[in-house]
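This report refers to the structure that appears directly beneath it.
A, B and C are the chain letters, set down in written order, and residue numbers restart from 1 in every chain.
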Amino acid sequence: MSAAATGSTALLRLDKVVKRFKTGAGTVHALDGVSFFIRRGETLGLVGESGCGKSTAARLVMDLYQPTSGTVYFDGEDIAQADKAAKKARRARLQMVFQDPYSSLNPRNRVGRTLEEPLIIHARGARKERHERVAWLLERVGLKADAAERYPHEFSGGQRQRIGIARALALRPDLIVCDEAVSALDVSIRAQILNLLLDLRQDYQVAYLFISHDLAIVRHMSDRVAVMYLGKIVELASRDDLWRQPRHPYTRALMAAIPCVHPGRKRKEPLPLQGDPPSPLNPPPGCRFQSRCPFTEARCREEEPPLQARADEHWVACHRAE
Amino acid sequence: MGEFLAVRGLRTWFHTRGGVARAVDDVSLDVRAGGTLALVGESGSGKSVTACSILRLINEPGRIEAGEIRFKGVDLLKLDDRGIRHIRGNRVAMIFQEPLSAFNPVQTVGAQIVEAIRLHRCVSRREAYARVVDLLEQVGIPSPAERAREFPHRLSGGMRQRAMIALALACEPELLIADEPTTALDVTTQAQILRLLKTLQTAKGMGLLLITHDLGVVAEIADRAAVMYAGRIVEEGPVSDLFTRPSHPYTEGLLASVAIDDLPPGARLPEIPGMVPSLLAMPKGCAFADRCPRASRDAGCFADSPAFAPVAKEHRVACFQARLAPVYPLRVEKNDAASDAAPALLPPADENVMAVA
Amino acid sequence: MYLALLKELLRNRSAAAGLILLAVVIFAAALGRVWFAGDPWEMSAMPMIWPGQDMENPLGTDVMGRDMATGLVSGARVSLLIGLSSTLIAALAGITAGALGGFYRGWIDAFLMRVTEIFQTVPQFVLAVVLVAIFKPSVATVTFAIGIVSWPPTARLVRSEFLLLREQEFVLAAHTLGMGDFRLIVTQILPNALPPVIVMAALNIATAIQTEAALSFLGLGDPNVMSWGTIIGNGREQVVDAWYICGLPGIAIVIIVLAFNLLGEGLNDALNPHLKER
């Protein structure tokens, strides 16, 4: 029944992960019982609006945060239990591409140094081999070899994101977490970066956890998609299932909100949703979505709908879903 | 009806230590009375500088070097400081991308709108306050009287953007300049704000100049669009025409790279190779030539800057090769995308928001 | 990189002025070592010879007949030495405390910040006087005392920089690569946190020189060295009859403090090019 149960052989598995932050204003319920898995070589898309907890999920996976409760498994092992050496070994297999191409590179290090860093930390190769590897990485992400001698500020946003991808690729990881990796980029550059990520997946069978607020991009990149709302997964299904038959009203609203570039076929639906997402400081009782859902019933205000399988590999957390 | 806003030959240059950056170079555009012009471009294309130039909000090292900005026949560039202050916020208002930084954090939202009203209108504080509540209601803020007493940070992102729209509308401007009004918002909120802008514009008969990088937003609310690239307008025309028959290769490329749902998932996306040239090192000839699939030496793409010329009714383009057929023909489908979009299950919007006029 | 910084500094008006003033002071001090190499304490001539009266003592003599020029040159050395080394102590202590607090947060941070607060609640100068009084006044103890009282602002600055930088994605990236804490602090965060610290250090030198002068003025300086504060302290009784005894070292202090302040301001501009462009 649980989404996690099916994925016991998965590369990455989150099991009922809860993450709360204590702040001056109260406790932020960033993640509230999130379970999902990613198979080897697979891309899972994680989509949701700001504050839904998708970036927190990324940081938990990267072991930058410790979960309040619940477990993150990588390759079957609980990452919290690992000893120092195992942790370091895992870091080599698990890499991340960050959102902001301007803050994700150390401004005081030459690009070559930034790319060599992972190889030094994990003692891969002698100096000469490392330099060869750096040259290869630069070429692989479409940059000239002389980029190694330059500083990040000499590059455009798109080029910096290529450098960030090269860094993530340096150790040939099994999983790359892409946290809004293209949302800071201009449209004409975005396509270049998405294509690069697609190529790398094809060539190295790397798995992605692809996080974005843009459903159209998530759909394009992912094999399966998880939709998050206020710290919970509300729907998780294969890309085609989700697109053909979205079962959660929030998923439908997200789809309806994608602006359409064809003036000939403007969307007909009225406003997809009213208001803003509630604050994760005090999520509404019952179903998290009840305050904005057009179909809210008495039951939704009292009882929290569990994430249940409604079809093969299609999980939905809604009382009304059939 | 005469011309409303007419920008002619605008040049706004930035004199940096690295040289002169021609952020806006010979830009001409028109916003018609009651019409919406979208100024589309990527970061650094000069679209925001153009917008700020209209209200003369350009700071050192930037300078407006040449051009005319005629607003209802008056050249805004020739006005004295007093004159332009009378225009700003009063007859021409502006809204920005980040609503939180547009408000003073230590004053309530209501007090700031009162201030804006009293800057241009001789009304008592009490009258102004009544108007504030009315405005907040118009932009769809629930319980407006209470929200007016809130501090900006207490409002959510969408509410803040609504409050900023209310602030901009305070003096019933004739022209509204919206600089990326929805970029900082979540997708579901974005749709609400766009709709609000459109409704208010129709109700009040305002001209709207919308600055955006998002072609989806353009398709949604603009009737005409101008595409900017590296400080120049490369193509301009009615949205329906521009989006279905783009003539400039850059416009085509942009449209193709966002039409992501037309492709099979996982397929390579059409991309525009290369990147925008630095404003400090502009190539000779057409600025797009280096990235252009159609650029040719024979046509003069690498030698001269192409002039702006009509290709269809009200549709002009600055390209030597504009006559060629589009590289990426976009299909206009009759079935209204219903096949792949979500079923229309949601109830109609709360329409009292729109009851403005 | 450093060459570029120097170029940047020379282009900046206030930094260039500061550097020139500083160069003049250092040059004068170095040249003076050769010309006025004598013992500054030696009563070599008549007391209270006005500057310019006698070419043997071009800047005159003080109440005890000691050569002013020799004293000023010695004072320059003492001021620069104490200013620089006490700032170095303050910077090292401040960086260490700030880096640890800002990086690890939690109880380490709470503890270190309480300590800095204790230092900050006691007036700096009073604390310096007490410290020097407890230990025997000497160049070393004065340096140490000034260093100890001036580290808290640096610690606070470094801590706030660390708190910001720690959340930057390039630091997270280095962390996810498996980099250890020490390397993370030293190779990733610290180089990015340094520019404002350098600016603060330049201003700190100026303050330290003033503090040293004040201590010496009160007779709490090293009794074996002649510093500007000592000269002023010795001349204060005769300020009406022979103002130059207080005035010349006073002008010297003003020049050197101004030099470091200008330099600090220029460094601030040069190290924050992002503020200037656009």
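Simple rule for what comes next: contacts are C-beta pairs under 8 Å (C-beta built on N, C-alpha and C of every residue); 3 or more make two chains touch, one makes a residue touch a chain.
Note that this is a predicted model, so its numbers are computed, not measured.
When the partners of chain B are compared with those of chain C, the chains appearing in both lists are A. Across A-C and A-B, it is A-B that has more C-beta pairs touching.
Chain centres here are Cα means. That of chain B falls 53 Å from that of chain C.
Averaging Cα coordinates per chain places chain A and chain C 50 Å apart.
Computed from the mean C-alpha positions, the centre of chain A lies at a distance of 31 Å from the centre of chain B.
Contacts from chain B toward chain A in the complex involve residues 42-43, 156-159, 186-192, 194-195, 213-217, 219-220, 239-240, 243-244, 253-255, 257-261, 263, 265-273, 275-276, 330, 332-333, 335-337, 340-350. In the complex of the two chains, the chain A residues touching chain C come out as 59, 62-64, 87-88, 91-92, 94-96, 98-100, 103-108, 117-118, 121-122, 164, 167, 171. Within the complex formed with chain B, the residues of chain A that make contact are 49-50, 156-159, 186-192, 194-195, 198-199, 213-217, 219-222, 239-240, 243, 246, 249, 251-277, 279, 294.
Within the complex formed with chain A, the residues of chain C that make contact are 168-179, 188, 191-192.
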